[in-house]
Each structure stands twice: as structure tokens, then as C-alpha cells.
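Next come two complexes, and both contain chain A; in the first it sits with chain B, in the second with chain C.
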Partner chain A sequence: MSGPSPLRRFLPWAVIVPIMALDLFIVVRNPGDLDRLLINMILALSAFVTLHAKLLSLANAGFMAIGAYASAIIAVKLGMPIAVSIPLAVLICGAVALVIGLPVLKLKDVYLAICTLGFGEMVRVLIILTPDLTGGPTGANLSTGFPYEAMKQTKTWMLVAVLLLLAYLFWAIARSRIGRAFRALRENPQAASTMGIDIVAYRRMAFLMSAMIAGAAGAFYAHSVGSLDNSDFKFNRALDILSYAVLGGSGRWFGSILGGGFLTALPILLREVLGNSVGFLKNFAQLPNIINGLALLLVVIFLPGGLASVFGVRSGRKRTESAAGPGLLSPDKPAVAAVTGEPLLALEDISRHFGGLDALSKVGFEIREGMILGLIGPNGAGKTTLINLISGLFPPSSGRIVWQGEAIQHRPAHRVAKAGIARTYQNIQLFRDMTVLENVIVGRHTHIRTHLLTTLLQSPRERREERHARAEAMALLERLGLDGLAEEHAGNLSYGDQRRVEIARALAMHPRLLLLDEPAAGMNEIETGRLGEFILDLKQHGYTLLIVEHHMDLIMKICDEIVVLNFGKKIAQGTPALVSRDEQVLEAYLGRD
Partner chain B sequence: MDLSLLSDPVFLLQNLVDGLSRGALYAVYAMGLTLIFGVLDIINLAHAATFMWCAITGWVVMAVFGLPLAGGLLIAMLAGACLCLLLEYVAFRPLRREGADRLSAMISSIGMSLILVSIAEAVFGVETRRFPNSVLSPKPFHLGGVRVSPAQILIMAASVVLMGAMGYFIRRTPMGKAIRAIAADQKAARLLGIHVEAVIAITFITAGALAGAAGILVGLLTNNIVPDMGGQIQLRGLAVVILGGMGNMEGAVLGGLILGVIETFTIAYLPGGSDVKDAVVFLILFLILFVRPNGIMGRRSGERA
Partner chain C sequence: MAALLEVKDLEVRYGSIEAVCGVSFQVEEGQIVTIIGANGAGKSSTLLALSGLVRPSGGTVRFRGEDITGLRTDRIVRSGLVQVPEGRAILNPLTVEENLELGAWIRKDRHAVRPSMEKVYALFPVLATRRRQLAGSLSGGEQQMLAIGRALMAEPRLLILDEPSMGLAPLLVKTIFDTIVAITRVGTTVLLVEQNARQALRISDQAIVLSHGRILRRGPSAELLADPVVIEAFLGKS
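And then the complex of A and B:
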């Protein structure tokens, strides 16, 4: 973990300096290009937001068109100043995004891309079909009905201000709980949802932000160019915008500004500057499209992280001290003491079918506060399915899951997590490209009490909460003997260490119930023994646990009660001693010669 | 709506003929798109650009070199096969090797599409080309008041032949069986000794040949060959593929015919028809996506995370 090599440290500048120099050169040569450059950078940010949330949205050109026409119409036909028309246009885009986002964001990746592609074209068709309002197919009415002078009134400084504002917004969000949630859900949406992150809400937020930013860019475009034509917002425009953000990289926001700056300036340089000596370039109208196409293709294949990836990974703020306090966090106690004797979690006749396969049929048992319940059974018995059901990844086909007296079988995963149920995965689901420390802090998601406003204002509370979360996470890592690896990428850790990071991440949620899916898989005997002691220690601290395991020694040693599944049915339940003597269990599970 | 038109059976029949021939084109185009989706789970957004290049290639060999229609069709299908194979090697295979996600494959195919269309515009210019009359007589036949052009007859005949050939290829031949095996489970197919990469290459070649045929047939029907002709069919192809269920061959045929008929009837029966027809296509697309994302005969349901 020594510092980056001199080459790594030099690399970012080798990207920034030439691109900025190129942009500067273009602008000095023709100041009129500045507006276009700034608008494209803003558009790049709009595409970045959706890509960052793992949404391939091609709706940007459509929102740009809505913003442009809305602002132009408000400014010219209603005679409003652009200080009114542009914000209004942005709000209109936001409203449209909220409405169409409801159905659109339910779609999976490929369908979402196709649907947003259709949306962009639909906007254009609507423009063509409403000539009285928009000038129709040719945009001619804009030049006759729209006085150019009234429309063309952008001041470049406004664009600079908007870009700076956006840069601040992105900077602040990236270092906040919100930014962390975005990074988590883009890497592993399933794990993110079981950490209490509402994926749907975050995707909606990304779509909304993207639409409003594109709308702002469109509004400025209208007032900067002074005339509008529906063909300005053809599908190719969406592809241009996409290529800026893809070149920039979907990991870090400032890459998009560089990507937009580079792809805007390069064709200008080639055609208008070099074109004077190379006549072929001057008349090569398709050059920008070819460059954008090459950028999309080459970046995806050779530099998947885009330009931003040369900046290395976000390493977070260094030197995180751990909290001096208790080494092990205890679970959140409810405000009102739980009724004793009542089960914490009760499964009532749970069944789950996959197609014609009965993964679980009529399984029922209870988990009481403070106990360790072992769940065992041969492969394919339905153990992981049961854990997935409890954590809300999918609902049971029938039956009820009762958590502290409330039926939760239809709650989405993030709400189950928020209610106090945390889990680990049999096949490790860490956020591989985030540091170990960050992984654990994601576990604090539902506990950090900051929101967009505190983030934007960088309020002292925001800093305090962040510091506190880091310290707690560090303390957990120390307890699990992982503090030396805090700044490592989770994906680089050994198998056993990754398992422990998952446990730390789940514990960071202060869950009242912890579901461990084969925590000892891949561990040797000594490690397994240590894990057993750790789990017993958790019980001492007041945790309730459900453990799926194949290590019989471990299960027999630590569990208060054991439930045995076979072919989706519960075949036995009782104390370890009882279960290990059960005829049916011996036959079905332990095998009998 | 013009009500008097509704009671006119000849007008109705005429539109049905026009709609079905248009739909047959969509079907041929969409079969290639859905074939690639079925096998690789990716949407090839450069399919429209391939289609356009085939139409232009066909125009060059027929209008410039004077080849007959059969020769033009064959060469266009060959060109489509080569181009699609190129796509596979340049845009898709490197990503598969790295285990990149589906979004990356879509983005790289978008990149290829931009490049292909731009090159066509740079080389051929943006003006419209037409097939010479010697290729196919434009003189229509009249069957009881219904006008049927030779192009329409050819389109329907060619579509039926292609659909039949595809059905036979996919259902009856060993290669078709291998394609279906990979579509069902790539890993298992590999373990069973199927040469996955080779079969995928064949898949692209087949899809490309279909795009080539569609390119020529569209050129004959609309007689309007331009580098941006792919844009028109891009969204329609996607709508058809979704309508029929992603990866479903029979669904693509049915979806194509349905879309073709709906589109033609929109133009015929709605005021301001030809402007509205795009809107209708999108409405169908949205409706299907929101109501039945698995398509009318969708069998693939594994779209849940």
C-alpha cells in the first residue's frame, strides 16, 4: 500500500492537460465555440448520472429537446425573461421524468435502453405534430413566429455558473452517503438492497437528475443558438451525449467533463484548423460521428473505466482512527422493549415455487431473541432460498414471514434491512471495487442521518456523521482483524478475508437478526474454530443469528436449536443433541449405509 | 376518421395487402435481430446499419454493374453476412472475452452503428438512390380492384421462403440445434462439446444474411436508398422483437406482420396518417414494454434480477 508510482501520479495530468489545452485553444480561436463546449459538458454530466446508476438511458436528447422548446416557448410566446423560462423548463423536464420514470425504470437494462430510445424519438414526433406550438417538422415557424433576438440572449457566464454549480453538486454528492449508495448499487444492486439502499428510489433520483440537467442544457442551447429544429434532437444527438459520458467513464463525474470537452473540441480542431491544410478533413461532415463512434467502441473494449479510470481509485480520506469505544457494536434495541417470549421472527407455512420446482413447501419455525438457530440440510434443500425470502429478495409463493408481530413477506429487501435483518451471502457479494472500509460504511447507510440538503450545504452534521461512521466501521474491522486491509479493494482480498468483510458489513447495520449463509465455507479448521467463538461472542452481545452451515462441528457447538431441511421440507427441529439422533435426519442428511 | 372508408372492402383489402407486405419486411429484418438476442442476450444496435449497407451494396451491383435481381439479392445477403461477422469480431467477441456486461455490448454496437452510417454518408453522399426499372417492373397487377406491385409479390414470396428456411434451419438441422442449445444455456452447451464461438459466428452470419435480404426488399418496396434508411427500421425492428418476445423467432414473424398491418391502417384510416404512424409505432412499443414485456408469445421470462 505504498503511494502510487510516479507514472500513476503523472498519468492524470497527461489526460487533463492536453484536453484542457485543446479546449482552451478552440475557445481562444473562436470564442463562439465556448457556449457549445460548455453545453456539451453539461450534457455529458446528464448522461453520466444515468450511466453511473447502471442505467443505459438514451432519453437525454429527448429531455434536451423538451428543455429547449419549453424554454423557448415560455421566453418568446409568453415574453418571460430567461431567468424564469430556463428554471421552468428544467422543472418541466423533471416532471416528465418523474412521470415516465415510474414505468420506464421498472424495465431491465436492454428494455430500458430501447424504451428510452423510443421516448427520444417520440418527443421529436410530438414536436413535428404540434406545428402551432413548436414550428413543426421544419422548425420554420421558429424563424418566422419566433423573433431570433428575443430568444438569443444567453450570457456565457450563466453557462459557466451552471457548470460550476453542477461540479459542486457532483463533488458533494460523490463524497456523501448518497454517492456511496450509488457506487454500491452500481456494483451490486442485490447486495446494496439488502444493506437498506432503496435501489428504485436511487435509480429514480438518477433519472430525474439526468433529465433536469439535460433540460437545462437544452434550454441554454435554445437561447444560445437562437433557432430550433426537431432534427437537432435526433437519435444521433443521444449517441453524441452518450459518447461523451462513456469516454469520460461512468465511475467518476469529472471524467464526463473531460470526455465532453475532448469530443467537442477534436472535430473542430481537425476540420477547422487542420482542415485548412488537409482539404479532405474540411469537407468531412461525418467526422464528429465517426470520432464519437470510435470513442464508444474503443473505450468500451480497451478502457472500460473511461478517462476517469486513469485517476486511480477513490481512496477516501486517509488516516481513519477507530473509535476508542466498544470493540463490538451491539444490535439496535427497539425503543420499546420487545415482548419477551415472543419470537423475533416467525415463518408460517412458507412455500416457494420456481416454475414447476418446489424449492420450499410449508416450512415453519421461529427464531427467538438472543438465540442461534442452525439451518442445515443437503445441497438443494432450500436453505439459501429461505434466507433470500427472509431478506426480501423475492416474496414467498404462500405463507407469512412475521417480524416482531408484523407480516413482512411482501416488503422489499431494503425495508427488511431497515427493520433490522442483515445477511451475508454464500457466494460472496461484496462491492469489489470499493475499499474494505467503504464496504463496511455502506452497512451504516440507514443509520447515517444526512440527506441531500445537508450534503449540498456540507453541514457540520454531515462531517460529524461521516467521521462517526468511519470510526465505527474501523472499530468493526479491528474486531475482525481486518483493520490492516481497510484501504484495500475488497475484490483483492483472499476468500476468507472477504467472508469476514461481509460479516463486518452486515454487523455495521446493527441488525437485530443476522443471517449467515455458510460463513465458514472455504475456511480451515482453525479459522472455523475462531469463527465459532466470534459468533458466540456476538450472541453474548445480544445478537440473534440464523446460520446455514455444512461444518457440522461448528453447528453442533454453537447452535441453540437446529432446523433440518430436505427437498424443501422441514424434516426435523430441536436441540443439536436431539437432531443428531433423529432417524429421519440421519437417513436424509447424514446418509446411511 | 373517414367512416366511408371503413365500409369499402376493396380499400380494406388493399391496405391488408400493403400492410402484410410491409410487415413481412419487418419480420425478415427482426428475425436476425431476435436470433442474436436469443443466442447472446444482447441487442445488436448496429443491425440497422448492416441492413442499410446491404441495400447500398445491392444498389451498386444492380444499378451500377447491372446485375439481375437474384444476383443483387445474393450479393447483398453475402455482404450482410460479412458485415455481421465483422461486428461479432470487432464489437462483441472482445467484450465477451472480458466478461463485460450487456450494457457494454449495446454501447459498442452503437459505436459500430455510428461508424458504419457515417462511412456510408461520406462515401455515397446523402442523396436518395433508386433501383433502375430494369430490375423489377414497377407496373402493378390489378386483382379485383386491389393493386399489387411486383415488388410486393416478390417480398411476400421471399419472406415466406426465408421464414421457412429459418424455421427448418433452427428446428431441424444440427447447427440449428446447436444454436438453440447455446441460447438455452451457453455453459452447458460448451460442456457438451459444442464449439460455442463457431456457432455464434454462424448465428451472426445468418442474421447478417437476413439483414441483407431485408435491405434489398425494402429498397424494392420504397425505392428509397439512403445512408440513414436504417433509422426508420431501427425502432420498428426493436418494437417487433419485443412484441414477439425477445429471442422468439415465430414471435418476430407474427410481430412484424402485426406492426406492418397496424402501421398501414394508421396511415389509411387516421387523418394526418403518415405523421401519426411513427407515434403509433412508439405507442405500441411502450404498451408492450409496460404491459407485456415478454411479448405476445414470449417464452423467455428470465428478466428478473
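And then the complex of A and C:
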């Protein structure tokens, strides 16, 4: 493997240095612009959080307004110091975000954008309708009881401190389990949920963080400018904030800071430079939106990943040692019972309809601890539907799924995963833009016991657990013969290798039951044979498996029992020898030679 | 006479991965040529480079005597080279018939589209019974037939199939291989990538074995079927 070319190494500096120089230039010419620059950078971070979680939210201007007015009112009307009013304003934004997040976050894409835009307008209308409290349409200034001296209280160093604090927060989260979960969620929410990541909670967390950061920016804005007007928080403000983060790139946080800095400084620079010229150019300089639109367009065309994409892949290039502990290939709670032990999972009269189509009707069977159960049948028989039902992607129309004595048919996917059921996908669902190693570490999500606080404090235990997770993931990759590809993007791998990564990722969860959906598809006979040995090895280590496959050699060799589906109904069940002689199975599936 | 397809020193890279490193081969008109090899050997990458879905980083591809290296996929399809992608890529929200019609998108002879469609239905009678059904509601095997049928609607000179038997039940695998033979009987040349190496070698005329992006073996399929190295690495004991 070759290292990055000299050009690629130079590229990040070619982006950072001019933007920083530009920012520095305008600040030196007019130190008053520094506050605005810093506030916009903070706003950019607030938009980054939602964008990163794949939420197209335009609520930032609304939260900025709430933060600004709340802090102004608390500071001026209630006479509190800003050390109290700003944190209170941030908390108010958080509370509002929690409440409106409940219904709003059920929406996606454009619908979410429209709805959050409506929220922003609503905030503005409320401000206009409450002149006694906010100054109403006149704005919050001397005439409405907000004297400049009482408002203007912040110093620039405070903004620098907030930005640095946020930078630290983002840096710490990005390298933690939480940051990894966000990246997984953004790449493939379905796969993330079956890895045990509560995608609804993570989306809410992103919305909440974004609102609080925007609220903080608003509060500082109020005390930096010294007066407020509802038109400061109009629709174009929402778009500006979003464009900072789009320009910076939704992949990595520091891009947004650059994006915010660039889009704030560029119009100022042009005004300074072209403002003294005449005619066409002068008019041009007075239309910052055109300039910024153009800059955004150019970046989107030439750097689709935003400014941050010049920094290449996330690091993680450090050499990762593998640690093949004794527990590597074992489920979390190893089977105490022997092969013919307790039923681990029982399906009772499972039916599932899609519209008028009966994908499954009244299917029932048991999976006992320590066994390999094969599930076969023609294409369209309902095999994958059954796996989707067990893993909680959708509930059955009727019937019960009983896991260790508990009915789980209505549990969401992340809780099924947490309970110890892992799966792979027939149509591969890897996190394509994450490295192979990262994909596998996501599988450890529910096992790494960290949260926001330990992340922020960089607790030694967390670092230890992260190191341990990496080492274990590496060992799993070695075991599957993929260690040479650990730092590659998963999307670059061949089909069969991607299947192996999926298995490694599922095993990293240490599940008690592993559901494999066509693991040998795209593998030749030799590779299939090797996979069969690997699966038998898993069984030796105490795993219980359900496997869907069309490679009959593999199924017949490794399965203890086989269930055959046809048109959504169970048509046979029994040992491989029994099933392979069954008249109905020969007719529907195997064919007669 | 020159070969229908001539590939010379083809190279494909993804980032730091060299997927195909200098592969050369030819496909003669009227034949079935099979490419086999382990996972990651560069089979799919070779096909993607031929049909312009990835840009080759080196080498040339000549089709019907013309250099098509690095052309856009739609141009390549117009010249008569059509690929059925791995994983089928059928258009789920459209009906079977609409999928087939889109396959004939590039054709100028609109009056001949209907007869082509009847030919596809004759080849896959099950598709005829489902012509008004949404493609997404078909089973995996029917989707594969639709994908092949759609490619045939372009009346290709060279049909490229990437693992057509993947994920199919044993009975259907046999149907698909029978169909491939039937397609060549009416004059279409086929380039086939398969993991089901034994069956693929049985129905093909020539074969290439890829390993780590390079050609390991080549020759008449019958010979490779008996080649100890090929048996050891890809076929296993029957």
C-alpha cells in the first residue's frame, strides 16, 4: 500500500491557510468583525450536529432567536448577570428542543426541513406578538427597555473560550463510541439499529445538542451586538447557518468551523475590496448572497464531501495490535446446557402480511441452545422476512417470538440486538464509508460502557475499553482472514469479503444467537467450504446459529436441523437426511436429478 | 477477423487497492466466455471497467474494432455491450413490462421493440404472467430473469452477466444456466462471471481464471475443468 501522495498531503493546508488568512485579514482591518466571525462558527457547529446525524433541520435560526431573547430578558429585565442568563437560555432551548423534537423528528428529509422552518417562523411571530416582553416588532433596544449598556456585556475572549470548549467537545465525541454510533447511523440506520444503536435516541440527542449550541450562539449574539431585532432570525439566517455546515462538510466537525469562517469573511472582504470600485463590480459586492451561493456551488461541485473532505479518511492509521483473548469467539453468556438444551428462541404461529401478500403464514419452530438451524426454500418463500421479524426490524402481523421465555415481537431492533441476537444481511448493509475495522468496532457498541460524561473527561477506563475493542475487532478480522484490509473503506471490498466483514461485525456483538442470511452468496465452492468450517467452529465455541443458504452442500453438512419454507408456509422440518428425501421439498426446491 | 471484444493490459484501482493489474483477453463472436476466481480476484472490477461503470486506470478495451476505453456507460451500451449488474439492479417501483421497455431505451427501431419483448417472454414465460406486476414484488429468481430480459431488450452484441446465479435456489440456478445457453444460440455473445464455477465451465467455450487481479490460467473450458490447479482452488472435489 502506498502512502498519500505529496499533493494530498499539501491539500489540507491549501484549504486551511487561505481561509485562516482571510479571517485574520478581515479581523485585523476591523476587530469588531471578530465577534461575528466566532458566533457564526458556533452556529456552523450547531448545524453540523444535525447534518451529521442526517437530519435536515432548519430550526437553528429559531433556537438562536430563543437563546438571544431569553438571555436578553433574563439579563436586562430580571437583572441577572450573563453568567446566569446565558446558561439559562441554553437550558430553555434544550427544553424546547426536547418538546418539539418528539413529533418533528418522526419526519425525514424535506418534510423535516419544512417543519423546522415553520418552527423558526413561529418563534419570530411569537416575538412580534409579545412586545411587552421582547420589544415586539420594534426590536429589543433602548426604546423598548433594553438599554445598550445593559445588553452589551460579552467580551471576545468569552466567545473564544466557548468555541474552544465546543471544539474539545466535538473532538472528544468524534473519537468515542458516541461519535462512532453517529457515523454508523448516518451511513446505514437499519444496520446501526441491529447493532444495538438506539437510532431514535441518537437523533434526539443530535437535535438537542444542535438546539443548545444555537441557543448559546444566540445568547452571545444578544450580548455582543447589544440590541435585537426579529429580522435577525429570518429564513435567510437559517439558510446561512445550514450553508456553513454544508460547505464545511457533514463528515467532520472542523470543516464547519472553516465553512462558517469562510462564508462570513468572504462577503466582508469583497465589500472592502470591490466596495470602492464602480459600476457593475460595485453592485456585485453588495450582494453577499450571490458570492456565498457561488462559493457554495463551487465547493459542492469540486469537493462533494465539503471542505473537511480534503483531510481524507478519518485517521485510525495507528497500528492496531490484535488480542486474541480466550473469550474472542464466545457468546457473552456461554451455553451451559448441551446442544439439545433449552429452546433459546421459539416462533409461535408467526404471520406477516404486506398489503395483500401473505409473506409468512402461521410459521412456528424452535431454535435450541447450541444448534445450527438451516432455513431453506425457494426465492420469495419468506426466509429473509422471517429474519427481519426476529431481529425486530418490523413486528409480525400475528404470532409470538419468544426469546428465553420472554415475548419480544414488539421490541425495536436495537433492544433485540442488546438481548443477544445479531444478524448479517443478504443484501450487504455495511457502513461503506467507514473502515473495515471501524465497522467491526461498531459491533461492540452495547459493550463499551461509556457515556457523554466519561467521554468528555477522557476517562482512562474509556480509553482502555476503546483500545480493548479495537484489539478485539482486529483479532476477529484476523480470524476471518481480513486483517490486511482493516484500514480500507468497507465499500471498496469485494462482495465476498464484505460478507465476511458483516460476519465479523455481528460476532463482535458476542451474540447468543447469530442469524446469517445467505453468508456464502458470492463465494466459490472452496471459500464456501472454508466458511462451513468456520461456522462449525462457532458452534464449538457455544454459538447458536440460524442460517439461510442456497448452497445445499453447506446446509447439509453443518445443520443439525432444517426448516423448509415455501410460499410463506413451513412445508418440512427435520434432520438434513430427512428433509433431503422429502417429496414436497424435492418438488418445490431441490429438484430431482 | 478481429475478436468482438479485445481487452489489453486492463488496470483498475480503488484508492490503494489494485483490483485489476494488467489483464488481457479476447472474446470471439458467438462464444460463451467465463471468468472465474476467488473473492477479490478482480472479476467484477474487470466487468465494471468494460461497461464504463468504473474508469480503468490503465489499458485499452476495444469492442467491435473501436476503442471504448473510458467512454460513458450509455455510449458503451449504445455500441452493443450490455451488462446485467451483480445484485440485479431492477427498478422496483416499475412494472415488469416497464422495466423491459426501459431496456430498449437506446433503440431507434421502435416498431421492433414489441417483438423483442415477446422474445423475452418466450425465453422467460413466468415474466409474461407477471407483466403488470411491480418488479419489486417478484421473487429473487424472477428478478434475475427480469434483469437478464431487460438487458436483452437492448439487443446486445455482447451480454455481460455478473454472478447471475447468486442467491438463487438450486432449481432456479439450473434454469438460469439453461437460459444463458439459449441466449447464445440466437447469436448473442456472453461474457460470464460466476462463483458456481463448475456449472459455468460446463456451459462455456473459453474460460479465464483470475487471481489477485492477474490471469492465472486461460483456455478452453473443458480443459480448465480438468486442470488440477483449478480443481484444487475453485471447484473442490465433486
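Following the convention adopted for this analysis, the second predicted complex is superposed on the first by the 550 of 593 C-alpha atoms of A that agree within 3 Å, B and C clash if a C-alpha of one lies under 4 Å from a C-alpha of the other, contacts with A are read in each partner's own complex, and residues count from 1 in each chain.
Please note the rule applied: contacts are C-beta pairs under 8 Å (C-beta built on N, C-alpha and C of every residue); 3 or more make two chains touch, one makes a residue touch a chain.
Only a predicted model underlies this, so the values are computations on that prediction, with no experimental measurement involved.
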{"item": "Touched partner set for A:L296, first chain B, second chain C, both or neither", "value": "first"}
{"item": "First, second, both or neither for A:L117, with chain B first and chain C second", "value": "first"}
{"item": "First (chain B), second (chain C), both or neither touched by A:P378", "value": "second"}
{"item": "Touching partner for A:S494 - first (chain B), second (chain C), both, neither", "value": "second"}
{"item": "Touching partner for A:M556 - first (chain B), second (chain C), both, neither", "value": "neither"}
{"item": "Superposition-derived comparison: chain B or chain C, residues of chain A touched", "value": "B"}
{"item": "First (chain B), second (chain C), both or neither touched by A:A521", "value": "second"}
{"item": "Footprint overlap on chain A, comparing chain B with chain C", "value": "none"}
{"item": "Residues of chain A touching chain C in the complex", "value": "1-2, 357, 377-380, 426-427, 488-489, 492-497, 518, 521-527, 529, 550, 552, 589-591"}
{"item": "Chain A contact footprint on chain B (complex, rising order)", "value": "37, 41-43, 90-91, 94-95, 98, 100-104, 106-108, 110-115, 117-119, 121-122, 231, 234-235, 238-239, 242, 246, 272, 275-276, 278-279, 282, 285-286, 289-290, 293, 303-305"}
{"item": "Footprint of chain B on chain A - complex, ascending", "value": "54, 56, 103, 106-111, 113-115, 117-119, 121-122, 125-126, 128-129, 137, 189-190, 234-236, 239, 242-243, 246, 284-287, 289-290, 292-298, 300-301, 304"}
{"item": "Of all residues in chain C, those that touch chain A in their complex", "value": "14-17, 36, 38-41, 44, 86-87, 137-142, 163, 166-174, 195-198, 233-236"}
